[in-house]
Amino acid sequence: MTYQPDRSQYPNKKADGSLDIDLKSGKFLKLWQGPQHPGITGNMSVELTVCGDEVVEGITHVGYLHRGFEKLMERRTFIQCFPIVCRICVPEPDFNEYCYAAAVEELAGIEAPEYANWIRTLILEMGRINSYLMYCGGQAGSFGMGVISQWTTYVRDLMLDRFEELTGARIYHMFILPGGVRDRLPEGFAQRMEETLCEIESTMSDVYNTMYCNAVFKKRSVGVGVIDIDLMDAYGVTGPNARAGGVAKDVRKDQPYLVYPELDFEPILGQDSDIYTRADIRRQDLLQSVDLVRQILAKMPEDGSLMAKIPSVMHWKIPRGETYIRGECSRGEYGYYLVTDGSGYPRRVNVRGPSYTHAMALLERMIVNLNIADVAGLMVSLHTYPPEIER
Amino acid sequence: MADSISGKEKLQACTTLREILEQATEFERTARDFYAELAPKVSKKIRYLLDELVIEEQAHYDLFTDLADKPEVAEQIKLEIMTPPNNKRFSDCIQLPELGDKPDDQSILQYALGREQAAMDQYNSLAESAPEGPIKDVFTFLAQEETEHKNELEKIYYEVVHSGGV
Amino acid sequence: MSIRDLLSPFSAWKNILRDPVTIPDPLNDRPGSDRYRGFHQNDNEKCIGCGTCEAICQNGAIDMLPVDSVATKEGDSGLRPRIDYGRCCWCALCVDVCMTGSLTMSNEYKWVESDPDAFRFTPGVDKKFWDNSELGYKRPEEHRLVSPERIEMREMNVESRIDSFAEIVHGYSIEEAQLEADRCVACGLCIATCPTHMSIPDYINAVREGDYEQGLRLLYETNPFSNVCGRVCTRKCESACASRHEGEPIAIRWLKRHIIDQIPHEKYREIIGDPEPSTGKKVAIIGAGPAGLTAAFDLVRKGHEVIVYEAKAAAGGMTRYGIPEYRLPYDALDRDIETIVSMGVQIVYNTRIGADIPMQQLTQDFDAVLLAIGLQEGRQTRIPNSDHEKVYRAVDLLDKITAGEEFHLPHCAVIIGGGNVAMDIARSIARLQKQQYGQVDVVLTAMEEQQHFMADPDEIKEALEEGIIIQDQCGPQGCEIDQSGKLIGLKTWKVLSIFDSEKRFAPVYDNGDETIHACDTVIEAIGQFSDISLLGDELTEKLEWNRGRIQIDSDGRTSESWLWSAGDCVNGPDVVHAVADGHRVAASIHCYITAD
Amino acid sequence: MHELYTKLKQYFPLGELIEQRDNLAFITLKQEQLRPVILHLRDKENYTHLVLLTAVDWLEDNIFQLTYLLSNRANATDIGLRVMISRDSASMESIHDIWPTAATYQRELREMFGIDFPDSPRVNDDFILEGWNDIPPYRRDFDTLKYSEQTFSQRPGRETKDPAEHMKQKLYPDGA
């Protein structure tokens, strides 16, 4: 990186630590990026203050997707909450279903059957694949490579077909519910899944050639948007964002859930912690998930029980308690904090999406000193989904 | 049933269809009058049974009278006996009670059932002994009529006696 | 920067030869998957309009509305779900919870219509092209959101109950009752079927909430015989229960009993509340059975003075003198009666109207009279030799057992009848035999096939467990007597069929298939009737009758303006029906005596 | 987890310990103990990752429960620190200086529960809601159903019947 910005015009800090930005001085410009912008998955805007083509301050604004799910759930019975949790994250809804179901099961003292846990794991890995495919398209798009998203959208669509035949729906699967899962694998599912996985691998090989081995992409992503290792804890960084900096953390390994102990995989690590490394970690993660889906289909039992015996749902009460359930989604740690009070309704549900820290505090910290043109690339490289910030 | 023996003899003596039917009609009339006379004597609670029996016997009386008056009767009877009713003999009713002045509903029904049974048996045996021809047909027809009547009474008997089917 | 990084991206050009991957005609070439959650289907023959789909819908997308093609009847509200697809989120919880399995989803998702209101319709009633679609989401068999199995009732086992008259059923614990109450979806379909229209979902809710005082209050609103009905009710409600379609009905009777069991009897009075101030009107009730006492209870609560005349030494009617102690312990019955008496009802025992007090006197002394005399007399078969001294009526023997009177306990008894009274006497005799002779020897003969017995299936099961032999399809033909005049058996013929095509009685026998059931005693349990001699000839003649029963209007009033009739003597035997009757006549009597 | 609790107890007065799982426990703390316990856990016990910070409204007890969920990445265990504060003019010390990301949580809690965190950066800025002038909406006494009924219009033509009531009307209208 040879570019050295001229810092002479940068705002000074005031006594209270805030920046001394006088827009009337003509040195600064306010620029709104979003809420609709190709660099953002979902609706979110960043209020940029730029000096020349450099960002001196970026403030994240959310609120375009708030539906108050956490509050809505407080007046729904435990079973009635199940269909709405998936809406909290559109591209990867299944972690909501799993975390919610597991939290309810833990507080209600229910153990989901093993066969159901295999199917749950399968669905979560399928969801991770789809989320990464969406990311690849977005990351490429943020650097002007529109075709990549067309390819990944196609193979993602094939995976949606698999979701549809397994769960009965393409986007909001509503398949993992407290107690187990709704149904077993359809006839011939493994075969069709294998065809889809091959198609994904082939597409990812094309993506590798055109995006990852692309001088333009490398030029713009290598060494840009580096998350210093000491920010990892301060900002609660998790998932590929942390692993790209060498932090070997993966919930699937650290606090193994479902059937992950029976699957063979190692967390994928990087070192440079820049946009390129994060993109590459995700590509490898995707391929790892492809492998995990194959492992699951090979190792899972032929048949088994779908549902544990659950209380009659119309009057299901759960004793007072609280718990936190997490899973490793494509963006990092996804978790549900559930508090029950002995009634038939949750006392409090708090959804902890990784984007909450990645897109707010972390982004605002990292955006400073960035070139305007790289802002979109940085935002996508943090892989954030605004709905999980606002819920 | 004392009068049924003489009834049988009377009937055997008849030689024409008309005579047989007239004799049978006479039996129905006697029965009708018997029930009609008994009705005011029993409790109003069960009087309906006797009232119904009077109506039934009257209906038979009318039927037989009409038949006797019609020339095409023989043909009609032939048609009727093509489909004989099944005799669902409800045997706990054949013990004929002595009907006192204050019979209860069960006794009345048992009496009526017994009477129908006797009439049915009688016409049947007459039919058997009669030579092929219109006379035999008429006896068969009468036996059928009585069987049907008896079957109907048996239903009422069950509904009354097995009250609520406890 | 390697040369590869400059050349590699050009590999994208290979796609120039690739066929498009889009579906050319998605409206026709892209059906939903086999288990796709598409537009709903509803089998209206199966649907009972319980509204559980509406209750579980977290979007408020379902309304329950009457439709022309479906009539409201017992066990079917006549309502059907109408779905607003402006709200539906296709979660299929309605399908999962559906109590009959009538509601399913097709795999159809491509339906275009310019009128937005078209997307609010009643599946199965408003015909749609996907109505007969085989594909789409159907609830997998094991995926149940409401438990299909009832919580098992703990009972005395056969060994410990067969020589004892102790109550067989233990009753639910609080935990068991709440689990059973949780199975109730509170649709309320049962209320219409219950003769006295008890607020069943509400009192089940009280069990769920543990608010037993509220539960008791609700019970007493419609039924002052909850101790009795909580044990021996014919529970017609359970036959209308939504849960029975894909599982066992809610144990409504046991839940009622559970409420009763939780409240100390001394608190009943306080929970029920005081009667209204005295009106100065007087009502006489003949017969202290469930109908008479229910009416009495209602009338004293309204402030009227009520005197109940009872021919026997204790109140309860058939619930005391008919139903054996192991099904209904006397102390449970006593609690119901004590509560009624504590409200101010006066019962005059050992007083037979017609014999001890003439009917006329009642008409003079009271503003209204209620006849609730029940069905106390046993019907006889009157088969040959049935006038033998060792041929008994079941009701007479049950009466003796209750009253503690001596009678000759048969060594070997044959019962005629397949109803609950037959079971009661068979099981009572069996217990006494076990106690006195050490072994059970009871044969029960009935004309029906066993699966068509009038008796409660539980009774049959328990009777068989207790060693009673059931010989079904046996029509009694006569009692067998030896030369010395000793009863030695019952002769029966095999019954080929009992009813004709109109379901009327028309037994057909095989008289070649004859059985002699050896015994020393025959007990007839075929039916009962009421002894109306108390009315006297004049009143009997004055009253209007209807096929052997006093003619009454829908309020239970006879053709005499001051006389009402209620209970078994009007409806045939059924406790809860008698209670319902008691309420009905009480309301009518109250109207009449307060009219001026 | 019990071991850690015993150890902590030597330094700090602690409330009850609830061991939810082998790797998750909740400890109740006095408001003023939060900062020292957090610093101890972060610096001495390796609980370096703030998983989440949120509140639970115990309206009936007039209490807000603040839950600070801390994670030890090395041994993969979590501790939830529960601090009960009064609902009346609810206020809590900010921990943004310990974890900068806490500022976002605190800003949300300020908006949704009305809990103040003095000195937390931009704590009074609108977060998700814009121009909200009702009581903070995540408080239990905010009635979402009432709000939605007042704010949004219902689609006309909706009506429904209660099965039991309907059956009464059809089968026994006079109640008997």
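All chains are identified by letter, namely A, B, C and D, in their written order; residue positions are counted from 1 within each chain.
We adopt the following convention: a residue touches a chain if its C-beta (ideal position, glycine included) is under 8 Å from a C-beta of that chain, and two chains touch if they have at least 3 such contacts.
This one's a predicted model, so the numbers in the text were calculated from it and none came from an experiment.
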item: C-D compared against A-C, more contacting pairs; value: A-C
item: For subunit C paired with subunit D, centre-to-centre distance based on mean C-alpha positions, whole Å; value: 49
item: Interchain centroid distance [CA atoms averaged], subunit A/subunit C, Å; value: 56
item: Interchain centroid distance [CA atoms averaged], subunit A/subunit D, Å; value: 23
item: Inter-centroid spacing, subunit B versus subunit A (mean Cα positions, whole Å); value: 92
item: Shared interface positions of subunit C, touching two or more other chains; value: none
item: Where subunit A touches two or more other chains, by residue; value: none
item: Multi-chain contact sites of subunit D, meaning residues that touch two or more partners; value: none
item: Inter-chain touch pairs (all); value: A-C, A-D, B-C, C-D
item: Complex contacts: residues of subunit C adjacent to subunit A; value: 1, 4-6, 8-9, 11-12, 15, 21, 32-37, 52, 55-56, 58, 89-93, 96-97, 137, 140, 142-147, 179, 181-186, 208
item: Residue ranges of subunit D in contact with subunit A within the complex; value: 18, 20-21, 23-24, 26, 48-52, 54-57, 65, 67, 69, 73, 76, 78, 80, 99-101, 103-104, 126-130, 137-138, 140, 142, 144-145
item: Complex interface listing, subunit D residues touching subunit C; value: 155, 157-168, 170-172, 175-176
item: Interfacial residue positions of subunit C with respect to subunit B in the complex; value: 375, 379-384, 417, 419-422, 454, 475-478, 493, 500, 504-509, 511, 525-529, 532, 540-541, 543, 545-550, 568, 572-574
item: Residue ranges of subunit B in contact with subunit C within the complex; value: 43-49, 86, 88-93, 95, 97, 105-106, 110, 151, 154-155, 157-166
